[in-house]
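Take a look at the structures below.
Each of the next two complexes has chain A plus one other chain: chain B in the first, chain C in the second.
Showing the complex of A and B:
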């Protein structure tokens, strides 16, 4: 505890194995900075493999930690936990980061952007996410959040001569800071109530009684993260930022950054406020219903592919929020956590795949309009089929990954068994049908419409984009047919301290 | 439930073999159409060979038991497993799906509809085959759901890419209707799961425990499933997607849709909804019967109003599926047998009619009835086959259609105990009147298109002579098995009833059937 820690100082025990992913990332970041400083422009290509190997290298200790039998490793009085929950999400962030690196490498070279700084910022943001997965303390959560956000603000504005990109960066920054401020206010109230920044202590102090001040504190923290996951009505930044930012950055924001927001949300709710479910359950109910409905309705009328995907990603966020609206009910916490984690994994694979296809296609058509996908199947059947798989997965059609995420979410709602849960399930069901309206629209363009400009030259797929397509496509298929491979990753037993564990 | 699990690899191989073909076809260049088609047909033939092996190995003395049963771990966390098996109810449909796919593929050899791309077209048919076969072997609700949905996208593309003028509208309508139904169905499955103690999604388990659910809850869960299955059947008033989908779909799509896909809905009632929720089924039965007879009359009236031959056949499907649902709604052994027989018969006959419609369209480039005439003069063989199929469809004794229709009507005379007898007898009378309508619209169709002299625009020497030719080789290969089956099952229906009956008895155990 902050107030008493001045009394006796003991050197904290540092478990280097547990921290290895963060250490490798930090090392890679420093190496990148130095290399960028000292090598000549013509050799800058070397930075790409360095960034890739850093992300993959950091994944190795995640695997060894997952395979070790030691169970949860706690550091710094439980402020930094390496448990199964954090490991699976670290893995997710690192692999998603790796795919983003694959997506970016050609894009950067062709667009004449600064390379070294970009990799530095991307890896820093990933490091922030990896830290977020382990943070169990208000301060470490906040540091991780800023660590992952600030580089993202700059990356959004990476096309520095493009006004839209500048707008994206500024908007993202201003709204992000605003959200942080609200959250900090909530956190300060929490500290005042609990006299501790440690989530577990806060959970104990809050207990089950709800007073106005406690409700406000919980509410503000939740709202702060609602910005990060672009839940309606805090989503207004997302479409502009997604459209303005370079496409790989958009892919990164819509997948990794969003997942990080959900991780933080789940951690504070499960570990910090398990007793206050009377406050946050209705909030999540409203956020979820609004988010999926508004996201879907807005997505229906978009003509720009990236903007449509922005609203689609908002709507997907609504589905991920669904199980949280019942997570406080006895016996549901476990299935809700499973649903969120599984959904995040599937969504990450699928959405990165969608963006990879968008990049492949827009390279050829030089257009961001949905109509530019017209007739894709006739000249690029492979890409069109992959896109169909990704879109069908987002729409939740078996046997592609997305169906299981939705299924798990519905399952935890129905298991709650009260009328509010059923109502939300019905709203979710209707929304998943509506969503097919716009996902199906792209399929229709690709399969059933003529090529708009008559240019049927085959598309070129650079090897790195091809690898990205391969990874995401395979993951989407495998997760759909054998979802059992990943679902136990979301077991509540893996999240130390959740609901008083 | 006792199961036989000899040769339990058979069903898995039979179901997933088409996907192996798909995998091979992915590596064939798009331009090599002959190779693509050959591989696809070889795969379908191999699949059918596995199907024939299944037919031979099936133990007909134990048609009431699940055979070739397998149980493997799948998604253990949600208590769903790869639980498969086949009994007398599913065997005919499972086998029919394999036959139809192969025949449709043979027909497609020189009939790939515009805009071409045989490779993609055949791949979609193979994926469809896996989905259809899988639905009939699944004994786990989640597995069933996945297969049930697997057919959705291929059919969507089949209609939307290779269909007629209005294809995009029709395909989207088909998709949204079905998806809406499946969403409700899935919620119903989940509710069923939790109300039976969240133990298992396996159908046998749920049959054992479903009856214990409070009646009111049962009625709600049944309602969810009802919508999901009724959209697929399709029952009035959920049928509106069907005429559009059928009219716009390419011939191959129509045949598969009519012969197999519609049966997924009725099969769902028989296999899942009724045995698991017997009390709710009893409450719902009069309403299902009512919608069924409305469908019969509505479909028939719709037929009389049609000016397009294919649309007419589509509406006749609504009427025929009405008989099937009427048979099911009686909840009697007799009615269910008739319904199951009717499903297969409708698959054979309506599939055949859609084949003919496709060939007529190919020759005349139109299906407008008033522009067609004198088919018997110009193409006697095709004309006779149309006559034969129309007779079969209207339920002429001696052909397969009769044994689906007549017993279904008869079964409404004495519905299961506890159902309102007067109501069902009224249904019986209405359904019987429906057969008169059926005779009317089919014979009228036949008269207008086949009798008389060809209309002026298609008469000899008006530039259509090249297109208008009698039945060709590929058509003969594709059609002969269907025609033979229609006669064989018409003359000797016992062949199928003896397989169906024991399994139907098990399904109706809860009703004392």
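Showing the complex of A and C:
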């Protein structure tokens, strides 16, 4: 029965330069585990710089790969691809991971425990994301997805004795595993249809015609990733997990984990199902419209800042999904991919910045309520101004990064030029205005309201948190003023195999 | 090859698993239902793999088994944590956060 398996074994060619980011991360992870095991408790502080240098060290080969002009590097019969698309997202994951390390090292001063294991899990999750950006095969996508998710489940439940953190971990775990099981069922059907796990082959085999089994396969895979990006109606875990997990973990989940979900979604849709757009375009249309609307409406009535940011990040996910609803129309695929990649970069910088500010403020006020931001400007004008910039960017006010991300998304909808695209653009427009309601509410608290407890001692910002605020603030401003720096990263030519190229 | 029968078995297991995840309120039973779905996926993959004579499906199934083991390890640890803190594994009692 297994008659064709007699081909002679040949050693696969391994391009070590292309794999260097993954190798450095893996080396750093092993080093961290060994150090944590053998060094004494008083020297554990050394783990933090080791984790930071691992993330930054893995960023160096990403840069050298981007600067080399060899083009896309394909390994293992095209199952692992290092092209421009994957490189820019690897860079995003590594830098976002570095900012989360900075946020956490600040958080550790609060007296959190088990830092060795924490760094190990955080870097493992980043390694999974870096692998996800290059995966072009069902098996490697699945392994990368689990590699980035399983550590994230544990990080969400990090505070072992805290009931909220417990609940966050269990909810995230059960829904996450359920979604990936559904996705796997879709993948098994895809394998049956295409007789191959390679996404390019699946793209060729699926073709244009829609049958029930093909529709089910595509739908299940999309649903699996829709959970990861917390698209409504698969978002129910997000607010609880974000609220219950430690704040740096929340920042990590809402930025890096979500971006990884979008990367997988884009690869699968662009390389794997280019012909089946009649199936996935309506799905993305509905998901996007629901995600924006429900996310915004729920965010309006929140009083807890982290919970509000959770719904805000759900709503932002709707905007990132928006261009995918038209990506199958001739000539729009390129601008849709540009919009998704640009939006992801901007959203990552801005949202990490917001969480950094939330950590600064909640440290002082010991409260998670939005009202605790009252009068922030009077005692911490710098932090209040930065927060205003981040919130304005999330709301999409020019000339900040978020404005450009939204602009690119609307542009791809308009260039699609059909009524469905216009309708989605109108829904998106209304939602951007609604979103200003809750972002503006925080601004009003900071600038107009009095300090709730009258304590106007200036806030202390440790150096690591200051660096995180600096990086994210600068990125938000620069991406808004000079979007040309990143927009070409989303060119479809950079995604090898997309739409049969 | 009787691929159809295998696929029917896979589909039935999948449906039982999905029903279990939605209907059960006990964390351990939900975990078991998820395992059912994963096994239905394995049956599908092996059936397709036998039909087309390639080993990709076998490899995929082996990966799923290995990753599922890791997942269940984490899952049971969390259920244990929940039991320690609450003396119960009922999912409907998880309502610290709402809205």
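The definition used in the following text is that the second predicted complex is superposed on the first by the 494 of 501 C-alpha atoms of A that agree within 3 Å, B and C clash if a C-alpha of one lies under 4 Å from a C-alpha of the other, contacts with A are read in each partner's own complex, and residues count from 1 in each chain.
Heads up, the rule we're going with is that contacts are C-beta pairs under 8 Å (C-beta built on N, C-alpha and C of every residue); 3 or more make two chains touch, one makes a residue touch a chain.
Note that the coordinates shown come from a computational prediction; the quantities given were computed from them, not determined experimentally.
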item: Room on chain A for both chain B and chain C (clash or fit); value: fit
item: Touching partner for A:399 - first (chain B), second (chain C), both, neither; value: first
item: Partner chain in contact with A:440 - chain B first, chain C second, else both or neither; value: first
item: Partner chain(s) touched by A:116 [first = chain B, second = chain C, both, neither]; value: neither
item: Chain B, chain C and vertex chain A (Cα centres) - angle in steps of 10°; value: 140
item: Touched partner set for A:171, first chain B, second chain C, both or neither; value: second
item: Superposition-derived comparison: chain B or chain C, residues of chain A touched; value: C
item: Which superposed partner A:21 touches (first chain B, second chain C, both, neither); value: neither
item: Partner chain in contact with A:381 - chain B first, chain C second, else both or neither; value: first
item: After superposition on chain A, the shortest CA separation from chain B to chain C (Å); value: 25
item: On chain A, positions contacted by chain B and by chain C; value: none
item: Contact footprint of chain C on chain A as seen in their complex; value: 1-5, 138-139, 142-143, 146, 150, 153-154, 157, 160-161, 163-164, 166-171, 173-174, 177-178, 181-182, 184-185, 187-189, 191-192, 195-197, 239-240, 243-244, 298, 301-302, 307
item: Chain A to chain B touching residues, read off their complex; value: 338, 377-378, 381, 388, 392, 397-399, 403-404, 407-408, 410-411, 414-415, 417, 425-426, 429-430, 432-433, 436-437, 440, 443-444, 447-448, 482-484, 487-488
item: Residues of chain B touching chain A in the complex; value: 30, 73-78, 115, 117, 120, 142, 145-146, 149-150, 152-153, 156-157, 160-161, 167-168, 171-172, 175-176, 179-180, 183-184, 186-187, 190-191, 193-194, 198
item: Chain C residues within the chain A interface of the complex; value: 7, 10, 14, 17-18, 21, 27, 30-31, 34, 37-38, 40-41, 44-45, 47-57, 59-60, 63-64, 67, 70-71, 74-75, 78-79, 81-82, 85-86, 91, 94, 96-97, 99
